[in-house]
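I'd like to ask some things about the structure below.
Letters are used for the chains, namely A, B, C and D, taken in the order the chains are written, and counting of residues starts over at 1 for each.
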Amino acid sequence: MREKLVYILAIVGAVLLAWNLYGIFTVLPDEAAQGAIYRIIFIHVPAAITAFTGFFIALVLSAMYLKTGDLRYDSAAASVTEVSFVFACVNVATGSIWARIIWGIWWTWDPRLTSMFVCLLIYFGYLMLRKAIDEPTQRGRLSAALSIFGFVDVIIVWKSIQWWRTQHPSPVLSIRTGGGNIDPAMEHMIYRDLLAFLLIAAAIVLVRMRQEMIEREIDSLRRLAHA
Amino acid sequence: MNPLLQALWVARKDLAIEFRTKESLNAAGAFAVVILLLFSFVFDPASPEVATIGGGLLWLCFAFGGALIFNRGFARELPNECLDALLASPVSASSLLAGKAITSFVLLLIVEAVSLFVFGFFYDVRWWLHPLKLFAVCALATWGIAILGAAFGAMTVNLKLRELMLPVLIYPLLLPLLMAAIELTNNLLMNQVTSDSLLWGRVLLVFDIVYTSLAVALAETILVN
Amino acid sequence: MDTRNFLFMFYGFLAAWVIVMIYIITLARRNSRLKRELDDVKRLLDVKETRAEDRTASLPHGRGSVQG
Amino acid sequence: MPPAIRLEAVWKYYGDYPALRNYTLQVAEGDCCALLGRNGAGKTTLLRVLAGLSPFQKGDISLLGWKPRSGEARRNTGFLGHGIGVYEDLSARENLRFFATVAGMKQAHSPISSWLERVDLARVADIPVRQYSRGMRQRLALARTFLASPRILLLDEPFTSLDDRAIAMMGELLRDARAGGATILFSTHQIREAMVIASHVTLIEQGKLRYSGVRTQEMLDDPGHLYREHTELGGF
């Protein structure tokens, strides 16, 4: 059942992504100033939203774990965080390739980029912390606490382009600006890509959760063997 | 017993031990001074630009010195399993955490005072132009460092890689606070207090409030597992 | 299509694809590692159980002796 | 009279591994209950759960009517784990004063002095613990545990690594505490000593309750009897 769901999510996500790519390269109009490279936005922005949605879901799951003590929430939180971390990396990598052309530099220390970098470090720390603790219950509680502490930075990243004047472009999506900053066709494509990313991310999360379950099983069998 | 009073008693006990052994004070103080010394090779200590980067230099010293201090904070409870004895006693987990934060706060302020004198001496920077404001900045930023240090010191106390994990986890989280402290300190060293200062001051305050409440709320989760 | 900066656009898409692929490969490797570990620990348990049975069987009335 | 310590179908997991399985136990006020079992059977886990040092997942526990980890439960419980729980760089008196103050004891001065007398540390009370001998440390740990006159005492292997003098002192302290109405739960694998002190016994194997009841004359005469009758593998 679960396996089927993974396949369905992955296939639907992949097909949608392929269709989107076709649209991105053949249907959508060019952007006047930037040339072809502006198309990175269709990876960059959906990846960021996928990652941040994931971090938020992980925060909720962590809180649920602390409330209920049910380790399935902990596994889900860990899996979602890990997958979100990968998408955050995609976001930073594509962004910096875009910056190399548009700004002439790979990186700049403006609040958006800095806080995003910090965000990567925090969640990398989260993944490291999980590796460093063997006992699943303790691991769950401590990493849940870290997830809650760390989410403060996600809010800073999200809000930074409103709080500071950054080199990073201001918000473009109409839910944040009220519209007018972006061609509706392009905005539409960002959302279609976001949907594809979320589907693929969900498929990976399910695979990852299954691994977490096996890991717990191994741990408990090992305890049984040593008891 | 009042939880705040309990926290103060925990801090008092820790400070008594610390002043007797001087383990972390010596290490953190010496480390901070060494960093100040090393930075004199990075740029020309006689140039006037020192005041413009002095804040960054100082807060790096304090942050690195701080790691040595709160690495010891909970590790001090490990021999003889004192942590268990404390947790089983009527001291609440949040009081214990707050007590550790108060200890680090006091110790770190001492290290900061020493570093400031050394800094003024080596780099010829007149840091005493706004003593009260500078103290306020130091106090607010140091409290933020101390409370996060206590929370993450508690998290990592039982890990094999304690000394490695703590800095990896804590510096990214501290960054907004350090940025604010550096900006403010630079402004004070250059004797130009701008409207930006107020904004950064607010960042410090919000940081302290948010992380202190999170740390107090999550203390049980972090310590009892 | 406008061909300016086409190469770096390609790099961008490639980078995204490579990062996700690397992650999926590590996932697959972890999967096989976990399977192996699970087998190992199950074998460990089997050995232990057989031993326990041997011990109980060799004792009178199927019970252990008192050493305390 | 309601039991002082009550566990109702308690389950405690490390990950998916149940360390306590459906454990039900009642210890009446004033009883002294020995918690017996092999290494790794779950004795320490059970005591840590009761002392509020470790959360449990299912079931219900009450200590004098309070939940473990609640302020009231902790105020009325004395816990002595494997470590002695005193600070090396403080003197005996400072250690006791610290634990007395955070326990909310007012005018702790005279009880501290009398406890120092009682565990025979009065002459060295102001020397840092670092310089104490092993026996002195253990006696100080006893004083710390009993200082706030807790109504429930949770002791994990209290006789292990005690010298003869401390064992005698421990026996005396436990007797006095019981006479004062305290309830005691202690784990041990030294069955013979345990049987002499205990009024009740409870036997744990792989986190499961195997036996719980009054310590009978039969057990005193033949300490191995309990294990043979009630554990799956027998012996130990």
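Keep in mind that, in the parts below, contacts are C-beta pairs under 8 Å (C-beta built on N, C-alpha and C of every residue); 3 or more make two chains touch, one makes a residue touch a chain.
Source: prediction; values computed, not measured.
Engineer: Report the chain whose CA-based centre is farthest from the CA-based centre of chain D.
Structural biologist: Of all the other chains, the one whose centre lies farthest from chain D is A.
Engineer: Could you tell me which chain's Cα centre is nearest to the average position of every protein Cα atom shown?
Structural biologist: B
Engineer: What is the distance in Å between the mean C-alpha positions of chain B and chain C?
Structural biologist: Whole-Å distance between the two chain centres: 41.
Engineer: In angstrom, rounded to a whole number, how far apart do the mean CA points of chain A and chain C lie?
Structural biologist: Averaging C-alpha atoms per chain gives centres 25 Å apart.
Engineer: What parts of chain B, by residue number, touch at least two of the other chains?
Structural biologist: Touching at least two other chains: 225.
Engineer: Of all the residues in chain A, which ones touch at least 2 other chains?
Structural biologist: Answer for chain A, listing residues that touch two or more other chains: 137, 217, 224.
Engineer: Touching residues of chain C toward chain A in the complex: what are they?
Structural biologist: Listed in rising order, the residues of chain C that touch chain A are 1-6, 8-9, 11-13, 15-16, 19-20, 23-24, 27, 30-31, 34-35, 37-38, 41-42, 44-45, 48.
Engineer: Report the residues of chain A in contact with chain D in the complex, numbered from low to high.
Structural biologist: Against chain D, the touching part of chain A is residues 69, 71, 135-137, 216-217, 219-220, 223-224, 226-227.
Engineer: How about chain B: which of its residues touch chain A in the complex?
Structural biologist: It is residues 148, 151, 155, 158-161, 165, 168-169, 171-173, 175-176, 210-211, 214, 218, 221-222, 225 of chain B that touch chain A.
Engineer: State the interface residues of chain D toward chain B in the complex, per the touch definition above.
Structural biologist: Within the complex, chain D contacts chain B at residues 48, 51-55, 69, 71, 74-75, 77, 79, 81-90, 94, 98-99, 101-104, 128, 144.
Engineer: For the complex, which residues does chain D have touching chain A?
Structural biologist: Answer in residue numbers: 13-17, 40, 55, 57, 206.
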